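Common to both upcoming complexes is chain A, partnered first by chain B, then by chain C.
== the complex of A and B ==
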């Protein structure tokens, strides 16, 4: 029986088939003959072989997990089905499982692992910057570290909140038992894991010097590590597009009776707006990377100016995806913060419709701002005013979110629990990120600050200060519900305070250092900035250490101590907290009916969702 | 209590899910997928006009680079005929004229395959290569990705046809899959897809919408790459 489990469709089989697939593809790729390939092959570079190897490797990986079984059955006319391995014991966490709660936990651990790797890269970057001249890495290795860090973080965190928390909680919040397309839900996770692994292989092929944006012509001229970057982001794009599509369909069609659009929890609105961006923006990324891959393999000239192409085409297409992606990262964080604040302020969400308007406004405007990333690239100057205005306009709907957050806190009975601390920190961090963003949207100041550590500090305030703080808030808020075990409050508070102080101690000075002229992606810097950089590096190490506090908390409470969590430890009136901890496989015995108010705090009774939880049997 | 300990639930009391949920999921899912498809090819449309307007070094479309008109027209005719047949076939399926649906579905499939075959022949005989400027790049990239999507959608059509053939003896709206047949768990899956024949109607409708959108993109492809 054990042997059968080992050789069945599971992670072990997937890894074996993935590796075999990679080498089969590598061999097949080398069979392709062309003059240009032979030329590059002489230098040890065969991009076709590597792309084919990545493709066959991913196919092997998915086949090993069991993703090919269902399509083959359908090819033979077998009936469609929805579920797979939902009751397969611990093994369901190591393979294709269609239970949205299992997928949520898979996402949390899988993404967490890759974010940890990305964080380690950041520590290495800051180590190098302890000295103004070379310390540990040469220029190429430093750029690869920067690229790996940025690409890993930006790629993985696109699904950082929707993956674990929306997958787990959106079906519960709308009174559904599952996601609309459960296999696609599982596929999105495993694609992301394959992508992360592929990105790590860039190190074996010389790394890549392009940072997370992969700008042409550098990406066209670099070594094979760029192929890993392309394959990674293309898989991330596919994963996030399918994730968004699945979320939207689930929310549109599977809401329980009484749950009209104006009664949706605000986190669900954050998920909807994010999902729209994912469905529409990610395809542009995939197509763009397809073009880049063709340039590197078939010698097309999309981005090659000597042969009729243009690198500006890449930059435009990348940011048509890239700026909505920034809001793919920000909107779920807003949803989480606005979900947490009413619970710990014991007040209804202030300005519910204003908050929804803000999210929808951000979603729409995010498609109209991309060229502010190209202000200093030499684009037509007449385009600048429009994009400056549209970018600055986006601060209006963002302001709605802040107003709603502060309005909810106003005169509330605030409890400073760990999730609440992270939510409050989000308000501060994102405000700093937003205000520094105004300087980058404004053409005159952008000309000065573009490409400096100022812009780097700005987007770390928005993405790390926004998304990652919301991510941790969500962990402390929801993990007891997901696993059934409490997290330690004291360790949580230590984690929060160390992280909050070290984060601001790291990125606050970087705003100044950027203004003083320190450029991004350059391994050396002016000597007079050494003191400031030492301060920043030490702060960054403390920031990294705060993650260890979190890890200790997580492992200690979830693996060793395991204190059962109460069903509703926070006194929340949200539907997921009316269910037992952890939530049963099928969520509800009967589909619940929702009342008119999604946030009935403040003594209003009788408006909570009617939930018939599962009845466990002996 | 660990999560694993809480698996044994009395599924006899669990309220079953209506198959109409799956039908609505397919309908909405196909619309969203169609939206995503449009954005996949928006990137190429953008690339075409961007590179054409820049015409770097006069190399957007050098002399001798012309897409073969005959192939373009033949491909787009195949695609339109395929979409029309599928549209008519979906109506037959809805009206429980399943033999007629299968016939038209097969025709749609055949025309789709013909379009792919013609595209492959066109690539082999176009007389220019990927290195021949911006237009050549856009042509090969756009038609390449488009062919991949056509192939994938034809796979979907094949599954609908195969299911229809497998259940051709079952009365419309009556055929039921025994509990557990759908995905293996006698208790948990009892309310899984209960009626594949009926569901096939929704699936064919969703497929028709997707295919029609893809063919519309194909017509735009033809207009941009062959006519402009």
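== the complex of A and C ==
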């Protein structure tokens, strides 16, 4: 019986078919012959074979999961299954499942695993930087570690909030029973898992020295590890596009009666604005990487100066995606923080419309600032003032979010629960990140800080201090609802305080170290910075240890203790907390209707939503 | 509870083993070569014997067509570019170059710097510079200020080397020079000529992979 469970369309079959597909593609790729690619013989580097192998490997992986069943059955004229494994016990977490709640949990575990790998790489980087000269890894491996860390984090965290939390909660928050395209929803997750695995194979092909940006011409001339980078980010981009599109269609077409745009929970607005960025920015990334792949295989010359191409083209195209990408990471965090604050301040969200305006403003402006990444690249100097001003302008809508957060806290009955602590930390961290960002948006100061650890510390304050703190806030806030089991509050607080202090002890000094001239992506540094770097490394190790506290909490409470969570442990007015924990498969017995105020705390209690709770499933 | 605990312990062990392999892989690389101490003169000195080849061959590398440095240990040629050298020691380098002339992109590198006496020898004849167009590679340790241009074999020289490691009976140029290691440290050395045939701008493959055209000098 157990053996029968292993046979079929599931993760095990997917891995087997993925590996077989990889080697079949590798073999096929080596059959490709053309005069223009004779360089393979000289270099021993067959990029075509590797790209074909990645492609067929991913196809095999998806077929093994069962993604081909639906189209094949349609082609054969047979009635396809409209739902996949929605009630199939624990097995549904190891395959294609069309239940948005299962996909949300799959995302949480899957992305968590890859974030763990990314974090491990960060620890290894900081270990090397304990000494100003060589300590453990050679320069090439150090650069690969930096690239793996940055690419893994930036790629995986694009879906770090939308993947687990928007997939799980947006349908609930809008009163829907499912996502608009459930199979595509599952596909976005499994594409991401395939992508993460591919990125790790970069090590087997010589690594890649380009960091997460993959700038040409370095990416054109580097080892086959760059092919893994390209395949990874292209799959991430594809996943982002599909995820964003699915979210937008779901919110636009599947809202329950009474749920007008001005009544949407603010987290849904964070999801909408993020999704727009995903849908518009990710295609630029995928196209750019396709061009880079053509340069490396078919000998085109989009980015090759010697043959008439331009590396500037790559850099511009990358950042046309890359800067909206930064806000793909920031906006969901803002949505979560503004969702959490009213619950634990027992007040309506202050300035709901201002917050929405801020999110939409950030979304629009984020497409107009990308060249501030290229201030010192030799671009036309006349372009600098515009991009300096547009970058500084984006601080206005960001300021709206801060005003709304602080206005919500003002005179509130604040409860310092773990989710609230993470939300408050977000305010502090993102403020430091925003203020340090001003130095990078101003041309005169950017000239001295660009490419330094100051820049690195800045974006860690915004992305890790912003997104990751919001991510953990969301975990402590929503995981009991998702799994039906409580998390330990005391361990949660220990996790928070160790993480918050160690985070600031790590990245605060790095702002100073950057000002003192330490460059990014260089394995050695000036001897007089050793003391400061030792401090930072030790702080980073403590930061890493704080994640272990979280893991202990998660495993202990969710696997061993399993204390059932109350349906509404926080006293939230949001609709998902009016449902049982965990939420039943069909979400609602009857589609709910919504009242006028999304945050009826204080004197207007009970005005929304009108929910008929679903009966718990057996 | 027991089954869960067993699964947890197994999972933790599996992760620990995976991390161990990962870290081991990252610390891997060419086996360091430590030349035996020499006594050519009264001063502390050692001998380092190298060759540069246009294609390293399938016996020494899976990338048989990559350009590479080789080092001689007990009369046998190895592909290792990580060398452990004693501090404050004179290193007498003998370099046999079997590769052709590809020229320098930066003529600055045509003059020897950082070597004892400011000169080196080409086939036994003292020199301080070479024709930039006749260069094949360079040997440079930037942190120690060492730069030595390496004269290439002319295209019409008889008995060109086909298979590395190259025997002395095939066409080659012999470059000799001496540099001082100075204080303890970990220094990168490399060839500054983009000589990776087939790669964009000549900078890929062997120019980016430790063990071919670059490596480390561990001064201990």
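Assume the second predicted complex is superposed on the first by the 598 of 618 C-alpha atoms of A that agree within 3 Å, B and C clash if a C-alpha of one lies under 4 Å from a C-alpha of the other, contacts with A are read in each partner's own complex, and residues count from 1 in each chain.
Here, a contact is a pair of C-beta atoms (placed from the backbone, for glycine too) under 8 Å apart; a residue touches a chain by one contact, two chains touch by 3 or more.
Here the structure is a predicted model, which means the values were calculated and not measured.
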Which of chain B and chain C A:136 touches, first, second, both or neither: second
Which of chain B and chain C A:206 touches, first, second, both or neither: second
Touching partner for A:486 - first (chain B), second (chain C), both, neither: neither
Touched partner set for A:124, first chain B, second chain C, both or neither: second
First, second, both or neither for A:181, with chain B first and chain C second: first
Partner, of chain C and chain B, that touches more residues belonging to chain A: B
Partner chain(s) touched by A:245 [first = chain B, second = chain C, both, neither]: first
Touched partner set for A:222, first chain B, second chain C, both or neither: second
Partner chain in contact with A:560 - chain B first, chain C second, else both or neither: second
Contacts of A:47 with chain B and chain C, given as first, second, both or neither: neither
Overlapping contact positions on chain A, where the chain C interface meets the chain B interface: 306
Parts of chain B lying in touch with chain A, wherever the complex brings them together: 1-4, 6-11, 13-15, 17, 21-22, 24-25, 28-29, 32-33, 35-37, 39-44, 46-47, 50-51, 54-57, 59-60, 62, 130-131, 133-138, 140-141, 144-145, 155, 158-159, 162-167, 177, 181-185, 188-189, 192-193, 196, 199, 203
Chain B contact footprint on chain A (complex, rising order): 71, 74-84, 86-87, 89-90, 177, 180-181, 241, 245, 248-250, 252-254, 279-284, 286-288, 290-291, 294-295, 298-302, 305-310, 312-313, 316-317, 320, 483-484, 562, 564, 580, 582, 584-586, 588-591, 614-618
For the chain C and chain A complex, residues of the former touching the latter: 1, 4-5, 8, 19, 22-23, 25-27, 29, 62-66, 185-186, 188, 196-201, 203-205, 208-210, 216, 218
Chain A residues touching chain C - in the complex, by the definition given at the top: 39, 41-45, 120, 124, 133-134, 136-141, 145, 203, 206, 209, 217, 220-223, 304, 306, 555, 559-560
